[in-house]
Amino acid sequence: MAIIEISKLKKSFGSLDVLKQITFDVNKNDVVAVIGPSGSGKSTMLRSLVHLETIEGGSISVDGDYLVKDGVYPKQQDIKQITSKMGMVFQHFNLFPHLTVKENLEVAPRLLKRESLAVISKRSDELLEKIGLANFSNTHPAKLSGGQKQRVAIARALMLNPEILLFDEPTSALDPELTGEVLQVMKDLAEEHMTMIVVTHEMGFAKEVANRVVFMDNGEIVESGSPTEFFENPQFDRTKAFLRRNLK
Amino acid sequence: SDSSSKTGEKAEEKETLVIGIDDKFAPMGFRDENNEIVGFDIDLAKAAAEKMAVEIEFQPIDWKTKEAELNSGRIDLIWNGYTVTDERKEKVLFTKPYLANAQVVVTLADSELSKLDDLAGKVVGLQSLSSASDALAGNPISEDIKTVTEFSDNVTALSDLKSGRLDAVVIDEIVINYYMTTQKDTFKILEEELAPEEYAVGIKKGNEELQNKVQTALDEMNTDGTAEEISIKWLGEDKVLK
Amino acid sequence: MTWDYFISILIPMLEGSKMTILLFLIAIVLSIPLGFLLTLAVKSSFKTLSWLAQIYIYVMRGTPLLLQLLIICFGLPMIPGIGQYLVLDRFVAACLGFVLNYAAYFAEIFRGGLLAIDKGQYEAAKVLGLNKWQTMTRIVVPQMFRIALPSLANESVTLVKDTALLYAVAVPELLHFAQTAVNRDFTIMPFFVAGAIYLVMTLLLTLFFKWIERRYTFE
Amino acid sequence: MTWDYFISILIPMLEGSKMTILLFLIAIVLSIPLGFLLTLAVKSSFKTLSWLAQIYIYVMRGTPLLLQLLIICFGLPMIPGIGQYLVLDRFVAACLGFVLNYAAYFAEIFRGGLLAIDKGQYEAAKVLGLNKWQTMTRIVVPQMFRIALPSLANESVTLVKDTALLYAVAVPELLHFAQTAVNRDFTIMPFFVAGAIYLVMTLLLTLFFKWIERRYTFE
Amino acid sequence: MAIIEISKLKKSFGSLDVLKQITFDVNKNDVVAVIGPSGSGKSTMLRSLVHLETIEGGSISVDGDYLVKDGVYPKQQDIKQITSKMGMVFQHFNLFPHLTVKENLEVAPRLLKRESLAVISKRSDELLEKIGLANFSNTHPAKLSGGQKQRVAIARALMLNPEILLFDEPTSALDPELTGEVLQVMKDLAEEHMTMIVVTHEMGFAKEVANRVVFMDNGEIVESGSPTEFFENPQFDRTKAFLRRNLK
């Protein structure tokens, strides 16, 4: 069952068409890896799902509700309600530097006031435990390594119990040595059947964890399929050229 | 009802007059070693306040801004060796003059300057926007002076004379006489004076009521000897104009 | 230079410093919030307001504080017609001048602080469901203040020193009394005493800000 | 407010601005190199020199320029014994005060500029065989100046405004003539004229620096 | 014939022993890839060769002359003469931002005054041609991509006709898409028999271009050998563990 349906998404910056009629679905519990050269529109696509970009045409529905239908957005309150089902993890973590790790996790749930403070605090402790940073709850982000920061960012997104997690190159700002710990957390989430869309340059992750790979180039989805199909038997020249450059 | 209660209040408490002074203008008004404001005009004003049954407060101001201060109403009187000039009469009400003064030229005691003409090509200092500048401007010698430097107070000008940056200072005779008693053999006054003049109290234009009140007090002090007493205290003799 | 003499010149100067400190406190307490409001006005999407705020900041920063003080103190009462209602108490006028002037400087500092905040902070807040007000008060302003702190400290030290301008509007402060003593006693000593007092004030202020900076470091 | 009146107050003020501009030019031309020397002194491995330079900078930045001007102009001649040899021409004294004061500010700015230069620049220069002097003059100083340029611009605008302090040492400048006219004619107009002249000066200066910044951008 | 001989190199920062008796030789025309985990001392070793680090014990000789012998350095002039045989390329390029590309290339030769300006200008043009940036000679570095910057940095080092080129992670500050162009320039140099020591995380480069791989860990050289030997048949557990982490 498709939890996200994207159809004919269009977006341009000035005269540059960044997304040209993108269409694809994500099923519940899917782990989709989105790959493609720099500037192909991967981030823009991902960001439109949480309304960080306003698109110009096409539709996005999440869990049956339209975030945007034929280029028309509903009212602010509805947008908020729909995007609240998704969490997002950024390339540069975007942790709040003035808050401690625990405060980073709790700031949003506390302000949204859907749960009691006790529940919030309990869950933040559990999540810190899960990502292996229980000892760092009173530390400020500046004191953490890149890998630790990204794990906190994932935990922060999880605090709001999202149904879907979006990742925009979660490991590309990390030293190669530190990507492992972040990928591990993501693998764990995949095993718990979290629905995830991951824009990534990590072919290893795409191969091992994703159950679908989407290849974008120049604002279009060139091809998509299971990792085995995709890596072993790409259909299009553009895909082949890209894989040749990136897999050696 | 509101305004009536206000006037009612006013009648009860004593009115306060704010007197603008240059607190570096000895012996008329200046600070002594205890930083207290003292001087001829200070004593005179205090005595007058008693006669007028008002409270007074001395407000040291930058002399350059005295008329602006008066006009703004932040001070009620200018009373500190304030010279009557025609130009000022257009902006300020004056009482009758109470003291005679003259603008004189002072140099260091060992200076070669001896007459006004010697000022040609020299550097002369004076207090900014004081009657000294009017007096100097009124004398033909002003054409030949090299530079006129304006200070915010007389004392700074005298300091500069002592340190040699100035050749002469145009200053109130009363003021320099006082300094010559405290600092003997430092200064010398040229015999030719620039212009005679008179001190009076300045009041904001339009406030004839206050002008009359102050005048009455001054007249009373003249008759009962208070003024004479103050003059002897500060100037060594009775110089008050009757 | 006897001890007694030293004390006798010190006391009025310390009296004068009270004025300095009072003005400093009033100016800081009022101009920081006013400066922040100006920053918001500059960033406002209501263009006229933004322009007015920018012009205000430009004029305040482009002319000497001394001139502004003279205008407020002596100029306003001279305006024909309304001048008589604009006669402020001397000290109030001075405070007003300082607040209006420093608000412009603080506004610039805060604007710089806002610029230094990464776009990602706003995006993260938005994705977490915070509304604009929450984002501003919980995420942006605390970081802005922290970023602005070193500049605020600098500007505050400048403010302490600028209180010396009070003497132009005849508020008797530290420097005025130093000058009185110098002129009266013909010695340079009181100037050095005044300098020492200023140094102590700026030093304490600097230490205070360093302490705050350490306290609110994000590390 | 007639045209004739306007001209009659404008002329002395423009005369006064000449003084302002002259002082500004002298102060800038002398205090920038002096400030750079101070920076070098602070960074010197000769500890005593470094300490002296730091104390100097601290004192100059921690006390009001007005006080420094008063000391140089009126205080120095009062020093017993040597005072008589320290009587500087009033304008020279003012220039000296500005140069000594601004050199301290510029030194801080340059220090910041040096700090902002990456260690890698020195390493690359060393590996390429450049000696210390070549590294300094060809690699470090040009970058330091470029980094310091916006701060230099700010400080220069402050310098223009600080020339208003000249009136305290009885150098007749712009503001002095404005105040004379205000007091004589009982109108606020001359203050506004003075403000406009200051704005023009600071605006031209800002534009000049913007032009330099664009000209020496590394892009 | 060994052009560089390193023996018993010792270096510590405070209480941390960063290099513990490192010994190895580099032959003329060798391309040596130095790999190893973060903090193992690779950069420190490389930097001591050009006297960016002063070592505490051991010897380094270049072309038969001692840069340092048993921990004792000769006089400044001799050090300079010896290090001038080596060029260095840094991870973060360290181009001079205030100079144009051509000026970056020419600044050192012009100041060193060993050749005429005409010769210098001619060579810089040739090198720019060679790295494919002839059109960029009047551009400032800020306008270049990371890959272009690094190629300029290599050309700058080549301007002084070094016998040996040292690279400290030349591609790890680059987007994956841009490493290719830099590696190509390095391959070209290898084909021209330039002697090179390359600290790298790029296993691909180590495999394809290097004729020797040196593995460092914790301040020691654990093992070294030809790429085939090394990658296919590592001898030590530490090497195996490292390769396992880095080759997937």
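Read from first to last, the chains carry the letters A, B, C, D and E; within each, the first residue is number 1.
Heads up, the rule we're going with is that contacts are C-beta pairs under 8 Å (C-beta built on N, C-alpha and C of every residue); 3 or more make two chains touch, one makes a residue touch a chain.
Worth saying up front: this structure is predicted, and the values here are computed from it rather than measured.
Within the contact network of the assembly, the step distance from chain B to chain E comes to 2.
Among the remaining chains, the Cα-based centre furthest from that of chain A is the centre of B. Note: the chain lying farthest from chain E is B, by mean C-alpha position.
In terms of their C-alpha centroids, the spacing between chain A and chain C amounts to 46 Å.
Mean C-alpha positions place chain C and chain E at a centre distance of 53 Å.
With centres taken as mean Cα positions, chain C sits 36 Å from chain B. Residue positions of chain E touching 2 or more other chains: there are none. Residue positions of chain C touching 2 or more other chains, listed in rising order: 70, 74, 78, 186. Multi-chain contact residues of chain B (touching two or more other chains): 65, 68, 71, 156, 159, 162.
Chains touching one another, given as pairs, are A-C, A-E, B-C, B-D, C-D, D-E. Interface residues of chain E, counted against chain A in their complex, comprise 37-38, 172, 175-177, 180, 201, 204, 245-246, 248.
Chain contact summary for the complex, chain E toward chain D: residues 50-52, 80, 83-84, 86-88, 90, 92, 94-98, 107-108, 111-112, 140-143, 156-157, 160.
Contact residues on chain C toward chain A in their complex (touch as defined above): 118, 120-121, 123-130, 134, 138-139, 142-143, 146, 216, 218-219. Per the touch definition, chain D reaches chain B in the complex via residues 74, 77-78, 83-84, 87, 89-90, 167-168, 170, 172, 176, 179-180, 182-184, 186.
Contacts from chain B toward chain C in the complex involve residues 23-24, 30-31, 33-35, 59-62, 65, 68-69, 71-74, 153, 155-156, 159, 162.
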